[in-house]
Structures are given as structure tokens and as C-alpha cells.
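Shared chain: chain A. Partners: chain B in the first complex, chain C in the second.
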Partner chain A sequence: MHDAHASRAGETSVPLTASAVLVNKVGLHARPSVKLTQCAKRFAAKIELALSGDGPWTDAKSPVKVMRVKAPQGATLHFRVTGPDGEVALAAVLALVHDGFGEA
Partner chain B sequence: MAEIQLIGRAASPGLAFGPVAVLTAAVAGRTASEDPEQEAAALRSAIEGARAELAEQIKTIQSEAADILEFQAAMLEDDALTDTAYELIAIGITADHAWRRALDLEIAGYRAAEDEYFRARAVDIVDIRDRVLAHLGGVDVVAGIAGGSIVAAEDITPSTFLATDWSQGGAIALASGSPSSHVAMLARARGAPMVVGLGPLSWHGQPPVLALVDGDAGRVIFDPEPETIRLFELRMAAAKAERAVAEATSLAPAFVANGRRITVLLNVAGPEDLANLDPAICDGIGLVRTEFLFEAAHGLPDEETQYRVYRDILVWAQDKPVTIRTLDAGGDKQVPGLTVEGESNPFLGLRGIRLSLARPEVFRMQLRALCRAAVHGTLKVMLPMVAVPSELDRANEMLDAEFTALQAKGVACARPPLGIMVEVPAAALCAADFGAAFYSIGSNDLTQYTMAAARDIGAVADLNDTSNPAVLALIAATVEAGLKRGVEVSLCGDAAANTHLTAALLATGLTTLSVSPIAVARLKAAIAKVSS
Partner chain C sequence: MNSQDRGNVGIVIVSHSPKIAEGAADMVRQMVGNAVPLAWTGGDVDGGLGTNVAGILEAIEAAWSPSGVAVLVDLGGAETNSEMAVEMLAEDRRARVVVCNAPVVEGAVIAATESSGGSSLAAVKRSAEEFYA
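Let's turn to the complex of A and B:
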């Protein structure tokens, strides 16, 4: 909520980045991972996430890879998005995290 | 043979006694081809088969279990899970060995996790592994476990749990396992006692015949002595009697000692909360949260969708009063495309009725759906986060306009009474100034706004105390305003379910409390103990 600060880029080829804190009870676990990847897959943009602003970056469209991140509650999720619909995509994944994946 | 007592961790409460079914992983032979391409094709078709089977099961299963299987389906659809196996097949390893090796690697990753929750996901991957192996012919599918059995195993997969009949009792005793596992969630939902972390189950070659499982204390006794069984059966009988009393109490109306009738209502977050629930346990519904309709995944709901949900809840209530709260978004509940992002303090920002008035097209649609549903029962509508009377007045005008327009079109509708949630101290202090049809105290927000302390900030959580005299004074002021104006006052926050507060809340003059369905029996018992 207070932690999200998106840095806007003028061109779509430059990745957009933003971060948000995981507020739901047990972190980025089974159901949230599925919700996040389903949401990410709706966009053409390349969407990646990481536990730190400088990576390593993980494909946010792969539930297997997202689960491997094992992000716990309270962790800051960093997103990096590249593509024509990047801005909408970034807003959508951030909203999902802010909302605690509907279970906070 | 002497009894063996093992201590573990309680994962699902309850007591059970029955015959032991020991689960062991059976590995059957499979004739492999020497051609990597044929092996890859065999794996592909086994994965396809497993996915089809999952999709079939998801269709026939209730929501919580379906979530678990949907997670497995999503994992199985992901190339990241299967790539390693195909790489191993390409270098000449058979399909079943390749799949097992690739998945065991993934499983080891989960088992090494620091977080218990992620460790508990290992068994989900085991489930995925075995499901595909079964389709490859590499493992025998677990034969049906007889109902009423005590299942003893290293761990148990969601699939095995779901394939077992728990209606005749039974329980689970695991050498490893976790209270955070999906099976533990399912066991709690089905009322099957479960103990995990018992340590190695070695029977010196002879598996036990009978077992007692104490899911309250986290204890299992294999091959108990007759005296142990006798004592345990006494405890089971006592627990059963206690449950019967609690169930009977939850159906009876709640009274306090001086004969003052206390109305007990339900808080529900959606229609599924009411499934399998007898309307006789309550006097009506005190709070229907409508936020679930506006969840990110679905986008904003149309009028028809809303109407059907509201109607179904009213039909369930069989003419008992149902209070539906208009959308309470903002604050910690963000709705993409509706709420404002980046507010410096969302709890003091555009939320509740403020947001609805700022987005009249969304609000008017909800009011129309409510007017149409109102013909199916006794509907009351309440507005969240009201601070000043003009907010209620504007909502009343919009409701009138939508009702009149529907009537003019010949649509079946009724105009429900409009009340306010009292959760802003300003509304509590001046409650009598509002032309509300009723007041419903939202104790969570009223407490946090009065004490200026959020309950999810650990350092100040002790200040977030509904029993603070300042909060109780605001509740009493609201009750007084209700008496003066002759309208109902209820309380629907978490404080209503906190039985330590029951006496203090009733002392303010409140006679209506609204709690989640699981808290009803406990609250009624607490009300019965209050002597005035």
C-alpha cells in the first residue's frame, strides 16, 4: 500500500518496475501463486518478479517457478514488466498483491 | 503385545478409535521402451491423462478441495515442471525414472524450505508425481481405504484423502506431515482427527491392528490395552455429549439471565458461508459483505449477477431479516478499476460510502440489484463508513430514484430501509442526527479510529481494544440514540464473537449481536452465562 512506488518509463522497451509487500497470511503460497500466474498470463507483457530490486528475476507466468521463490508473508515483491500492455499488467499484479490475493 | 504411545502435533481436533490401515507406497513394474521418443510420448500422454483426471475431479468437488486440485492442475500445465524429465529422457532414462527423478528434485526443494507452509507443499508435489506415475503404470493406485480406518503413513496426499470415505469416522496418524498441509485443512473441514510428526512408525515387522487418535492432544496409541480403550471410550462419549449440547444450544434462541431476549445474527462473506447451515441457528443475517462480488479476477459485477446472489441469500433466510452492506471498498480492500491507488493513508481516504458516492454508476447499479432482490424477503441495506448525515441523505435520494425508475419500467422491486454502519466516532457521537432506519456498530473500525491504533501493527495492537471505556462509551451513545429514535442497534464487528467482551457489550444496552456462523454456539453459551 504505502510501499508501492512505480517508476514510469517513457518507452515500452524500458521495463517498468514497482514493489509491494505481501500482506496475506502465509505468503506467496499455492492459491496466490495460481492467482498471480493466471493474472499475469492475461497480458502480452513479460512479467517477472523477485525478492530484491536487482533480481534474480522469475517468470511470473510460471506457477512452478513462482512457488520456487518461496516468498513469505511480509516479503517485498519486486515486479519488472516489459511490453506494450506493461502499465496495465503492472497495475493488475500490484492490485492482486495489495488485496492479499483476496484472502488477507 | 504392548501398546505403543506416540506423541506428535495436533493437526485436526477430535477423538477416534478404529482399525489401522497402513499406507505403503507400492511400486509396480513397467515395461519401458528403449526409444527416448517413445518414452517422451509415454510421459506426455501420462501427463495428459493426469490433467484430464484432475479436471474431472475438480468439477465434482466442493470449493476448498477444488482449490487444492486446481493448484496441482496449474503446476502440471507448467513446462517448468516437466522440462527436466524430458531432458533426462533424451539422454536415455526411462519415462518413469525420469519423471520420478525430476519431481523428487522439486520435492527436495520444498522439503528444504525454511517456512513450514512451503515445506507442507512437498506432499502436493508428491501427489502430482504419483498421479502421473499411476498413468505411466509405474505405481499402483492406492486401493480404497475402508471407511472408519485410522490411516497410518509417512505422509498422505490430498488425492488419497479425497479417495477415502470419512463419513463413518476414521482418523489420520502421520510419521511426518504438517498441520499446514492441504490434507490437514481438508481433515479439519471434514471433522477427521489428525496427528502429524509422530516420528518413525516402526512396528518391528508387525503392523498394529487398532489405534486411538487424540487430535486434541496430538497423541496416538497403537494396539492399546483394554484399560486404555475403556478410558478413551469414556472420553469419546463425553465429547459426543458435549457436542450434542452445543448443537442444541446453537438452535435455541439466546437469552440473558434476566429474560431480556438477545438477538443473534450472522455475518456472512458470501452465499457459500450459508451452505449446509440451518437458518434456525440465527434470528437473521446482520451483515452480508458484498466485496466478494467485486474481486479482482471477475471485474465489476453486473446488476443481474448481484441480484441473483442477493436473492439467494434472502431465500435462504426464509423471511428473517437480512442486512446487506453496500460495497465497502477502499482502505485495505482494493478493487482494481474502482478504488484510488497510492493514497497516503487509505484508511482515512476514499472508502466505503465515500467511494460509492464518488462512483455513482457503480453504486446505483448495486442499489438497483438490491431493490429487485428485496421482493424475495426482508431486506435491509446498510452503508459503510458514514461520517455525516448528508452521506445518508444522498444515498437515500439515489435509492429513491433507482426504485422509482425500476417501478416505472414495471420491474418487480421494493424499497429496502437504509441504515448506517457506526464505525466513525463522528457518527457514534451524533448518531441521533442521522435519519437512519437502523444502526449497526462496526466495532473493528470504530475501535481503530477511536484508539488511533491498527490491530495489525504489533507495536500498538494492545491499544486496539474494544473494551476500552472510550469505545464502550461510543457504543452506549449509539444504543441510546437508537432508543431515542426507536430504531434497532446491532453490533457486527469481531468484538461480538469475543466472549470475554459479551458481558461488557450487553451492559451498554445492546440486544443484537452479529457473528460468523462458527461463533454462534459459543456466543449463545456466553450470553446464557451473563447475569445482569
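Let's turn to the complex of A and C:
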């Protein structure tokens, strides 16, 4: 719900960024991590996430690394996406977070 | 993404306990879904705790994919028996089965997650082994 300040970048080399609040009860634990990485893997873009807009950034396509972030409910999840399909990729991961990974 | 036309990498779970193997497989099915060939085996031939080569061979056969099979094991004998089972495979299949150095439950879920995205056998193994990295 905090993704209104998404910054647009025309060039593919400049990352798109946006953030969303984790609404599902368990936060980014095992099952949501699996869903997020499965979603991220559908895109060619490099997709990273962090608990702060300054990083440290974690590869959103690595289930092990995503689980290690241990993001709790209420945490703001920041995404940084680079690549030709970055815009749709960003929309897809944000939708997943907003949707509480289907288990809110 | 390079294995799209050959199907997703298969996952085999080998535990000394059939309950653990089956439970880990349940977790994979529920968390990752049905897009990945999956089989489990556990227990010795008499139904006690242990592993047996024939059971492992059957599981590899059941989860077979042209893209390969990643095997997740728990302790000692599960690993050595799995390696023995791999050696007994036909030569053209042997190179496409790997035993992962990863915890059995977590490794199975992560390996299946990686596989469900169409990743190669090497990528599936690497991802599962990140747990010990």
C-alpha cells in the first residue's frame, strides 16, 4: 500500500523501485517465500528485496535468501527491479504482497 | 528456464524414517505444488528405520525427468545407499541424478521451488545447498 511512490525509469539499466507492507500474519516465512520466489522466477528481470530502501538487497529469486530476511508482519518490503520486463515483474510481486500471498 | 521442453527436475526424498520422507513430500506438495515430479522412500526392507537401495531406485524411477533428478537425504546410510543407487542406474541416466548436500526437509522444499521455475539440475542442487553455505 506504500507503492504509490514507485519511481519510474525509462531506461532498463535504471532500477525501478517500490515498496509494500507485509499484511499476512506470518510475514515472509517459508510458504510466502516460496510463492514470492516462484513469482519472481517467471521474469527475466533482476528482482531484489530489502527491509530498508537502502538495502542490504536480497535476490528475490533465491528461496533460501528470501527466508533468511525473516521479514515479520507489518514490515515494509522494498523491491528493486532491473530488466526489460521489470515493470510487469514489479507489479506482480507487489500484487502478491498486497494479497497477503493468498493467505492473509 | 533451459529445461522447459524437457520438463522440470524431479525430486527424491530419502529418509531413514518413512514418516519423515512422506511428511517432507507432503510439505513440498502443499508449498510448491504439483509441477515437479516427486517421490519419497524410507525404511529398510523389513519396515524398520533405515534405507534400502531398491527403494531408492524405485523412487528415482518414479520421479524421473529428462532434466534430471535431485536426491535429498538425511543421515549416513541414506547418502551412501543413494550413491549406490545412482551407480546402479543405466549409464545415460547416472549423470543426470545428483545427491544434494542439504538438510532433507528444507532442501526438498527449496529444490522443488527451484525446479518449479524450470531451473536446470545444477541450479536446483546449488539452491538446495545454499542452506549450508
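Following the convention adopted for this analysis, the second predicted complex is superposed on the first by the 101 of 104 C-alpha atoms of A that agree within 3 Å, B and C clash if a C-alpha of one lies under 4 Å from a C-alpha of the other, contacts with A are read in each partner's own complex, and residues count from 1 in each chain.
Everything that follows uses one rule, which is that a residue touches a chain if its C-beta (ideal position, glycine included) is under 8 Å from a C-beta of that chain, and two chains touch if they have at least 3 such contacts.
Here the structure is a predicted model, which is why all the values come from computation and not from measurement.
K.L.:
I'd like to know which partner A:K46 touches here: chain B for first, chain C for second, both or neither.
P.N.:
neither
K.L.:
Identify which of chain B and chain C touches the larger number of residues of chain A.
P.N.:
B
K.L.:
For A:A91, decide between first (touching chain B), second (touching chain C), both and neither.
P.N.:
A:A91 sits against chain B, while chain C stays out of touch.
K.L.:
Using the touch definition from the top, say if A:P72 reaches chain B (first), chain C (second), both or neither.
P.N.:
In the superposed model, A:P72 contacts chain B only, not chain C.
K.L.:
Of the partners chain B and chain C, which touch A:D99 in the superposed model: first, second, both, neither?
P.N.:
A:D99: touches chain B, not chain C.
K.L.:
Mind working out whether A:R31 is in touch with chain B, chain C, both or neither, as first, second, both or neither?
P.N.:
A:R31 contacts both chain B and chain C.
K.L.:
Same chain A residues contacting chain B and chain C, which ones?
P.N.:
30-31, 34, 37-38, 62-65
K.L.:
Which stretch or stretches of chain A touch chain C in the complex?
P.N.:
Per the touch definition, chain A meets chain C at residues 30-31, 34, 37-38, 41-42, 61-65.
K.L.:
With touch defined as at the start, can you tell me which chain C residues reach chain A in the complex?
P.N.:
Spelled out, the residues of chain C in touch with chain A are 31-32, 109-110, 113-114, 116-119, 127, 130-131.
K.L.:
Quick check: in the complex, which residue numbers of chain A touch chain B?
P.N.:
Against chain B, chain A makes touches at 1-2, 4, 23, 26-27, 29-31, 33-35, 37-39, 59, 62-65, 67-68, 70, 72, 91-92, 94-96, 98-100, 102, 104.
K.L.:
Going by the contact rule set out above, which residues of chain B touch chain A in the complex?
P.N.:
67-68, 70-71, 74-75, 78-81, 106, 109, 113-115, 117-118, 121, 124, 180, 182, 292, 295-297, 332-336, 341-342, 344, 346
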